[in-house]
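Each in structure tokens, the structures are laid out below.
In what comes next, subunit A is part of two complexes: it sits with subunit B in the first one and with subunit C in the second one.
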Partner chain A sequence: MNETCRVSVERRGDVAVFWTDGYINNQGGEEIAREAYSELDRGARALIMNLEKTRIVNSIGISILIEVLEKVMERKAVLAFCGLTPTIDKTFRIMGLAQYAAIYPTEDEAFRAVSAPA
Partner chain B sequence: MAQRDPAPSQPTAAGAPAVSLTIPVAPEMEIVATAQADALGEYIDMGRDKIDEVKLALVEACINAFEHSHTEDNQVHITFRVGGRREAGEWLEIEVLDRGRGFDTAGVESPSPQKTFEERRRRGWGLHIIKSLMDEVQIESGEWGTRILMRKYK
Partner chain C sequence: MTDSAVRTASRIDDLTRALAALRPETESPLAVRIAQAARALAGARRAAVFLREANGWVPSFDSASEGPEWETPARFPDRAGVSEGRLWVPLEAEGEVHGFLALEGLEADDPTELAASLGLIFGAMLGVSRLSKLVKDAEFEVKARLLELESLYDLGLSLAGQLDVSALADEVLYRSISLTDARKGTLVLFGERGAPPLSRSVGGEILPPGATEAWELPAGDVVINNEASRVPTAGVCFTDCEKCLLVSIAVPERRLGVLAVADKESRDGRVLDFTTADARLLSLFANQAAAAVETTRLHREAIEKERIERELELAAAIQRQLLPRELPQIPGLELAGATRPTRQVGGDYFDFFPLSRGRLGFVVADVSGKGIPAALLVSTVHAAIHLQIDASDTIVELVSRIDRHLQRFSATHKFLTLFFGLVEPDASVLRYVSAGHNPALLARGSGEVERLHATGVPVGLLPNGSWKEETAPFSSGDLLCVYSDGFTEATNAEEEEFSLDRLERAFVDRLSMTARDLSDDLFREVSLFAEGVPQYDDQTLVIVRRNTEHGTRNTGEPVPAR
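Moving on to the complex of A and B:
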């Protein structure tokens, strides 16, 4: 079986939008991290992660997303999540991810927020 | 050092309709187990969000066993039970048992966002997540292995 998530990325100016599809475990988290670090190296100022096609995560995958968040903060960039299921939203809040990254219901709302002038 | 419980106690719902599954300690086998939780959750008409919470807690219990049990049979044994009355109080209960080396349940340090972000201790969330997502959780561990018994009401 292969439940590992697929990750696709689209660049819109200095915002990189990521879509995940599938289970975010260690492999899925690492795939997201690779793409995220690549976009940061290419000058992205904000990353939006749309998880609407991900229904399950595990704490290892989330710990890798936390590493990504730390790297984003080091680069003075911004990370936002959207499209979370209620369970994933709750788990992000339990682990404190929501204290350091913004969570929006939809991609449009996330994009408007990260695109707004500081 | 593991606590010296002689053996796991009997499940609280012994005798309830049950489905058993044994999975190997192997990548993504926890997802195989979640399919059973999905089916039994739907069987008792549990809401989608609650089923998702059960599945995530089950994933955490499985990967906890995969990573920490060092079980010699290389297997994790899972039993699903449903019970309660249809009008009120129906539940889905899952027992996750490994025959590994056990751990000191009293010695598990509680994780926190502060430790995660400020001290960069990002792991160790599994049991905390299980307790946060399920309604009742019992964890027993000893030289016989570890048993996590968790229940979610409909």
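Moving on to the complex of A and C:
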């Protein structure tokens, strides 16, 4: 597994799709936050984070994702996760991330959900 | 509108904006919002807020304030008051000062009352904010502890059904790194029976996997080294981490591997010390891993054992086919033969060969070793005898041919003892070769017993072995007992051997029995002697009786295995 978490982003209209590859710790979390805030500043209405290449998230990474979620909510945008391992899925549910961010099995399902008219 | 009315309206606008700035959904940090609101409320030119944080005082300024930023004072005033043209207001709640508000360019001449009001409003606001953060942090902490417990539970369930050691190692390592907030980690499982160790790492290998098996870890098998970059850990100086935590993966009296994590991180990017709580958590993961690895090993062994048992059963079935299916009917002779292997397959073999002119050949052989290798040699001997018996004019020639066959084709350096007898009823003679075999017992009709000793070395033992054929009278009423050493060397709980003397006495006491009854009774006798103690050598017995009449008294099938 990668020592440093790599984050790549693709913009699809007002939806920004993020792919992470590696450990989401302090470094990985900061990388995600930086890209997320940048996309929000550029008017993204929804962020989808595909974590299928991430096997580990620690508590620092989770706290940063919560900060991102708070910022997303301040901007009246939405955050969705997909491609979670069962362990990370359960971690997000216990730590409260799933309370305000939706979790979908696949990126397609997440995209369809956040693209649907409110 | 009068000037006064305009000023009042402007003031109301300022206050409205100030209160709007305080709304929680506003993105600016709270300190900035307080500075903005306080400047508007007090009608000041500039405002700043200094907050007490864990690493010192942090200033925040109203973005509308003009001029250079203020330096954080070396010392804050004890109470509200004006100093160097600025009004300093402590922001406190529940008796604790959380920060200071500083205002410059105030219109009011006596700001005492204003300072009290601002201190009350913004102190309470800061207190609530701080309390809210504390609650949030505590809630996060509780959830993190819950996550630890859930992880331990899930890991137990997950590992219970996990027989893939590699996947097991990943699962344990990922959870260990995640829950200790470590940046990196390595798990090493020692290889069994000289196999290389299995090693998994995240963030780089922090342990030298090949060396860990020799490590002497201290009592408890836990090492916390918060100075790992300069103090050796278990005798090794790690160059790729600052702090590390190691635990042994072990079952009682046996270490299976090592689990290590390194560089516990904080939100601000520092590397924190590992604590005893971290060590306890990692030990729990290591215990789960040890139990799972051991279960996997036992499961693998059980499958291997089952496979071997299936092969042994198959080999035993094949070997049973090598034993005579029925006793030959030879006029004037009464026969019995049986073998009792100590494993599913044994190294003993007996056979009968009806020959021309009413003669009978018979053999009892005992191959060195046990199990499959011995059974393979038995199979070779069986084939060799059946192939060579018709081509041999004498027993010595037959034994020599078998010896050459074994010397040439036997893959392993094994040998066998063998007693080959040839009964010629017409001449009342027993011819025999004993290749290192135990003395056969020949009982005369008178009750006298003669021991027929070896006439040569075991077959396959020496490159140029030689054997001598002996003869003995074999008249009506004579009885021959040939056995393997599993009979005489059977032991009881006192580790006493059944012995040749005891066998001879039992044999002599039963001379009047039929051959089959005699055979059954001798097996029973040795079993009684052993008192249920497991035996480690096959037991084989062949009885040949020369009858007075020329009929046969063979009764039924031989008993190849009991």
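Rule of thumb we're sticking to: the second predicted complex is superposed on the first by the 116 of 118 C-alpha atoms of A that agree within 3 Å, B and C clash if a C-alpha of one lies under 4 Å from a C-alpha of the other, contacts with A are read in each partner's own complex, and residues count from 1 in each chain.
In the analysis below, a residue touches a chain if its C-beta (ideal position, glycine included) is under 8 Å from a C-beta of that chain, and two chains touch if they have at least 3 such contacts.
Just so it is clear, the model here is predicted, and its values are computed rather than measured.
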item	value
Touching partner for A:T87 - first (subunit B), second (subunit C), both, neither	both
More subunit A residues in contact - subunit B or subunit C	B
Subunit B versus subunit C as contact partner of A:I60, first or second or both or neither	both
Partner chain(s) touched by A:N50 [first = subunit B, second = subunit C, both, neither]	neither
Contacts of A:Y23 with subunit B and subunit C, given as first, second, both or neither	both
Which superposed partner A:M95 touches (first subunit B, second subunit C, both, neither)	both
Partner chain in contact with A:E74 - subunit B first, subunit C second, else both or neither	second
Contact residues of subunit A, present in both the subunit B and the subunit C interface	1, 3, 23, 25, 55-60, 63, 66, 87, 90-91, 94-96
In the complex with subunit B, residue positions of subunit A that touch it	1-4, 23, 25, 27, 55-60, 62-63, 66-67, 70, 85-88, 90-91, 94-96, 99-100
Subunit C partner contacts - residues on subunit A that touch it in the complex	1, 3, 23, 25-26, 55-60, 63-64, 66, 74, 87, 90-91, 94-96
Footprint of subunit A on subunit B - complex, ascending	27-28, 30-32, 34, 49, 52-53, 55-56, 59-60, 63, 111-114, 116-117, 120, 122-123, 125-126, 128-129, 132-133
Of all residues in subunit C, those that touch subunit A in their complex	25, 27, 139-140, 143-144, 146-147, 150-151, 154, 170, 174-175, 177-179, 181-184, 202-204, 265-267, 269
